[in-house]
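Please go over the structures that come below.
Okay, so subunit A shows up in both of these, paired with subunit B first and subunit C after.
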Partner chain A sequence: MIELFYIPEVILSIGVLLIIILDLYLQKHKYISFSLIQLLLVIASLYALTEVPQQNYSSYEFSEFTSLIKFLLILGAIIIFQYTYSHLNHLNSLKIEYFTISILGLVGTMVMISAYSLLMLYLGIELLSLALYALIGFNKHSGLSSEAAIKYYVLGAMSSGILLFGISLIYGFTGSINYFDIADQIRNINSNSVQYLGIIFGIIFITASLCFKFGAAPFHIWVPDIYQGSLISTTILLSTLPKIAVFIVFLKLYFIPFMALEYVWSDILIFIGIASIIIGSIFALTQENIKRLLAYSAISNIGFIILAMALVSNDGLHASLYYTIVYSFTALASFGVVTHITSNSHGIEDISDLAGLSKTHPYYAILILITMLSSAGIPPLIGFHAKLMVIQALINNSYILLSIIVVLMTVVSAYYYLRVIKTVYFEERENLISTYTSSNILLSINVILLLGLGIFPFILFDTTNFLVNLLTVISI
Partner chain B sequence: MFDYPILSTLIWLPIFVGLILVASNDIGKSLSTTITLLTTLIILIISIKLFQSYDHSVGNLQFIEKFVWISGLNIFYYLAVDGISVSLVLLTSFINFLIAIYASSEDYNNKSSYLGYFLILEGLLMGTFSAFDSILFYIFFESLLIPLFLIIGIWGGENRKYATIKFFLYTFFGSVLMLISIIYLANLADSFAIEDFYYLTLSFEEEIFLLLAFLIGFGIKVPMWPVHTWLPDAHVEAPTSGSVILASVLLKVGGYGMIRFLLPITTEAGIYLSDYMIYLSLIAIIYISFVAFAQEDMKKLIAYSSVAHMGFVTMGIFLVFNLMGNNPTAAAIGLEGAMVQMISHGLISAALFFCIGIMYKHSHSRLIKDNFGVAQFMPIFSFMMVFFLMANSGLPGTSGFVGEFLVITSSLGSSFLFGFLAALSLILSASYSLKLGKNVLFGDNQKNSQGYLECKSNEKIVLGSLVIFVLYLGISPDVLFNLLDKSVSDIISSISLGRA
Partner chain C sequence: MIPISYYLILSTIIFTLSIAGIFLNRKNILVLLMSLELMFLSVNFNLITLGNYLGDLTGQVFVFFVLTVVAAESAIGLALLIVLFRNKKTIDVDDLSELKG
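Now for the complex of A and B:
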């Protein structure tokens, strides 16, 4: 039993509860609680790294793969909290609850990643969703924020219902909720039986629900509203940690229990991927609000990830994992920059608020330049390599037409990234922009890595290659 | 041989210095000017050394630097040069040095960033001309857009936002199609090295698609006739040095790419479609010349003239397809003509854009009607400008003549009509060049209130050295031929490789 305390999830949960109590006595010294939270995360990340992989597990997986992904997630959370802390501090709405709730969401993502049975998966997703409902509605002075919270709550609850329905179908027709057992059952199934039909329905319901959580088209309608309504720091969280977790859930679900029905879900996912890329690219063109713009950009990025994964090939898997990490990293950078710029007490809302930034704050202008070019997939930045890998995987699997659609959409999306750069660099305006720090080391490192990893892409490439190899080990 | 990686130095030194200049954010004007002058001078010296130590009697690829870059994807950091690359590397470093001299007396806001972007651009151009791994080539090719986008967008004219976005999206569109072709080829060849593509046996349909993709990609960059509309806009809005580098070096990237990719890889399809591509080039030569004649904006006039002159380049390249079967000598002449035309146009268009920039400083207008009687106030300048206009119209004795003459000769080997139509250009280009000269330099100067002043010494150096090189290449083009001969025949022989 003592081993239980070495699991980062447990450490985090217990630590958070302690911090909530401690915080009651430290109302005047919030930075102490905040430092404790960051310390807790660092400790948890170390535990994640040193976690001993186990060979036998039934409903909860401990492997090298999951611990590495958890480590990445905690690292992401540390960076996000750092951005969030200064942002909330600046807005005078710093509450330690924000971080404790976020950590509970983080635990939810970790449960999702380790889940090896459908019920565990559901628990993880619910834990994450509950945290997100609270975080989205955190800005209680804003009508948009409350609207977003209610919207996300209603839709999220419905999608959880759909997920549960899918799970019960799978359970009903295979008699198990464990991934391995389901895989066994599906492998030996007769394709003319009722069972077969039921399982396919189950898979489709689960796919729909997960795509909702992922924010992929055609289940994307909530994304722009929720991104716009929540605080920018919540938006960073929304667009990184849950996406990574849902992506890993996708990988594990489709490549372990549902692998034998690959011919069923692969086409569905290809459609969802392409639809997300097209909708994300085209709808972003007319957006004026920067959070909505980034929301649509997230949708099209999710499309790339799903599309690469749907190829069911080794290079596709690698490309999707690589893309996920690059995407999260770029999202951290681009939202991170925006958190540091304010044009009024509420922060940046519209793209036009950024006009003339290059004159007054050349440092932030360069950061925006790099992140936008990387998102647009212009070499030599890291975003290019990610797109390159996806397109290469498409071509290697003879999806030439799809690859042409994808690159044309890249050109379309380049337009709105360029529009941001244009506003920052080429437009002048009576300037109301202020930034609350002249520079930020963490943010700079984050952004410069987009360039550095682009010039030395093999660093990240080898890492993800290692991860993919681990993954194929577990899926066999 | 040198004990340092000469090509990597050519690429990374300017990029490194450029990044420092951009990051330093407006250090003093004189300091940044000095740093830029020094860097471009060093690069010029290194590229002259490269030229001297390049053994043109051997041909092939020399100064090879090849390391694994991304092992899993089989991508190499693979640099090398042949004669074609060396000539373009020389052009790049020379033009950038001139830009640095020209900019030394100019005043821009945030000059260090301005010069920094030019240095980055120079390094990326060097990389484009010396990369022999297709992905590396693509990365340099595509990265070129970033500094140019910023140069035009930040320091450009009134309508710069429209022009930059148009320019960026046009070229980005072309290059992504090219990216797909590269990946497709690499998938077949199991390697990203360009020369490995030459040995592939492709089906006819595959070749047609690849040819179209490459044609769109490089054709937009050149630019060829129906996709040229971004160029006049970009030129008009760009600051003088931006126009210079755009016309003289960036357009050459398109021609260079055609020679590297289109000719050797998609030969069968090229032979099948060559007539149509030659028609496109002829439209560029003749129709665009008329368009140029109708322009009222000096920069637009020269921009259209660039499109027309680049028509000779593409024509020389496509003639290779047409002639290779029955007349390989004429094919080689055509290709060599295209190369000479590229270098010569690089010098002449640079000179003309410098001239317009100098006039603009005094009159603050690019319109022909606002500039007149310049010769009376700026005699030396006017002499040189007349010389460049003559060279632009292909006057024998200038480099402008050599390239066009070679291409016309080669086209006569294919069909009389092609030769005749191409030769019309000599009349057409003379007409718009002389019109510009007559109206601007010698027009009525009674109403003149602009107060032109003879150009400064650094501007005289820039224009004077261009005069020398235009004359030198016109009188003894051998130096270029020696450099190119072997590499051109290498290209021609790799074409027959692909056919076997």
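Now for the complex of A and C:
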């Protein structure tokens, strides 16, 4: 029983509660509380790495796969907090509660990843969503922020309701909420029974709800509004941690309990993936706000991830996992650059705010250049390998038409990434762009990784291959 | 003995009504929150009847979890509503239109 205290979720939850109390006495010295939070995260990440894999689990999974993904998530959280600290400090809206709520959301993502029953899955998703509602509405004197929060709240609660309805159907027609038992039931099902119909409905409800949480195409309407309305530090969180967690939930849910009905969900997911790529690429063309632009770019990236996963093949799985990690790296870098730049004492809002950056801050201009080229998929950078792997997996599984559409949409999306570069390098404007220099070492490392891993793609390739092998061990 | 399908049809009707309430309602956010509560109630109804039908306690335990989480969720929703009202002096759905493009 004492082993329970060694899992990172427990460490993080208890540590956060302690820090909330400590912070009451440290109001004048916020950096101490912040350092404690970062220390807590580092300790938790070490615990995540040394987590003992267990063979028998009923509703909560401890395996090498989950501990590695948890480690990655905590690492991402450390980087995000480092980026956001100086940004929030600059905007005079630095509150330690911001970080503590984020950590509770992080715990939610970890519960989602480890969940091995539908109840744990629901609790993890809710823990994440409750934290995100508060984080999006954090800027409480701004009408935009509260509008975004209430929109996300109504749509998010609705999607939770849809998820629950799907879960209740699955539970009622298979008689269990455990992934393994559900898989057992579905494998022996008669395809003419009422039971079959109920399970199909349940899968469709759950898919709709998870695609909403993911921000995939037919359910994407909230993404640009929420990205625009919230603080950029919340946007950077929204676009990385929940996406990784929801992706792992997709993997576990579809490849363990629903695997026998692969012919049902695979087509739905292929449609969702291709729709996300098309909508994300086309609608981004007319955006002026940089956060909305990055939101649509996130939608199209998620389309790539879902499309690769829906192929239900080993190379598709590998490509989607690779793409997820690359996407998170790129999102961290591109939002990270934007958090470091400020114009006229508020954050960057429009793309035109970036005009003339190459003259005043050539260093940041190069960072933007690299991240945008990587997102567009230009060869020596890492984004290229990710897109290449998805297209290769498509061709290997003989989806030739889809791969042509994907390539065309990649070309379309190159337009708006290049437009940002054009604004940075070739347009001039009298404005007061300034930067904070506090923590740009981390940002530089992040961007250099995009280049370095692009030149030596095999490092990351081997890592994701290792992860995929761990995953197939679980699912069989 | 009422057949199980009646219960499922009833809960599906309540669920559909709540979704319709969310999409058709163009006046007040409070009504939206009420529709959300109705949706969770229909799910709870579903879980309890199915659990009872299967002779399994999991469904009923699940309902306890759902109830507590939904209570927390509506508390956050009402808090967000108050923040919104302070900023905009209105809680009309139609006035939520600053974010678009």
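Here is the rule we use: the second predicted complex is superposed on the first by the 474 of 476 C-alpha atoms of A that agree within 3 Å, B and C clash if a C-alpha of one lies under 4 Å from a C-alpha of the other, contacts with A are read in each partner's own complex, and residues count from 1 in each chain.
Note that contacts are C-beta pairs under 8 Å (C-beta built on N, C-alpha and C of every residue); 3 or more make two chains touch, one makes a residue touch a chain.
What you see is a predicted model, and the numbers here were worked out from it, not measured in a lab.
A.B. asks: Touch test for A:Tyr415: subunit B only (first), subunit C only (second), both, or neither?
C.D. replies: first
A.B. asks: Now for A:Phe426: first (subunit B), second (subunit C), both, or neither, which partner does it touch?
C.D. replies: In the superposition, A:Phe426 contacts subunit B only.
A.B. asks: Which holds for A:Arg292: it touches subunit B only (first), subunit C only (second), both, or neither?
C.D. replies: second
A.B. asks: So which bits of subunit A does subunit B touch that subunit C touches too?
C.D. replies: Overlap of subunit B and subunit C footprints on subunit A: empty.
A.B. asks: Please give the residue numbers of subunit A that touch subunit C in the complex, ascending.
C.D. replies: Within the complex, subunit A touches subunit C at residues 119, 122-123, 126, 129-130, 133-134, 137, 140-144, 146-151, 153-154, 157-158, 160-161, 164-165, 167-169, 171-172, 175-177, 224-225, 228-229, 287-289, 292.
A.B. asks: Which residues of subunit A touch subunit B once you look at their complex with the stated criterion?
C.D. replies: Result: residues 318, 358, 362-363, 366, 369, 373, 378-380, 384-385, 388-389, 391-392, 395-396, 400, 403-404, 407-408, 410-411, 414-415, 418-419, 421-422, 425-427, 457-458, 461-462, 465 of subunit A touch subunit B.
A.B. asks: Hey, which residues of subunit C end up touching subunit A in the complex?
C.D. replies: 8, 15, 18-19, 22, 29, 32-33, 36, 39-40, 42-43, 46-47, 50-51, 53-54, 56, 58-59, 62, 65-66, 69, 72-73, 76-77, 80-81, 83-84, 86-88, 96, 98-101
A.B. asks: Show me the residue ranges of subunit B that touch subunit A in the complex, using the header's touch definition.
C.D. replies: Going by the criterion above, the answer is residues 22-23, 25, 69-73, 135, 138-139, 142-143, 145-146, 149-150, 153-154, 160-161, 164-165, 168-169, 172-173, 176-177, 179-180, 183-184, 186-187.
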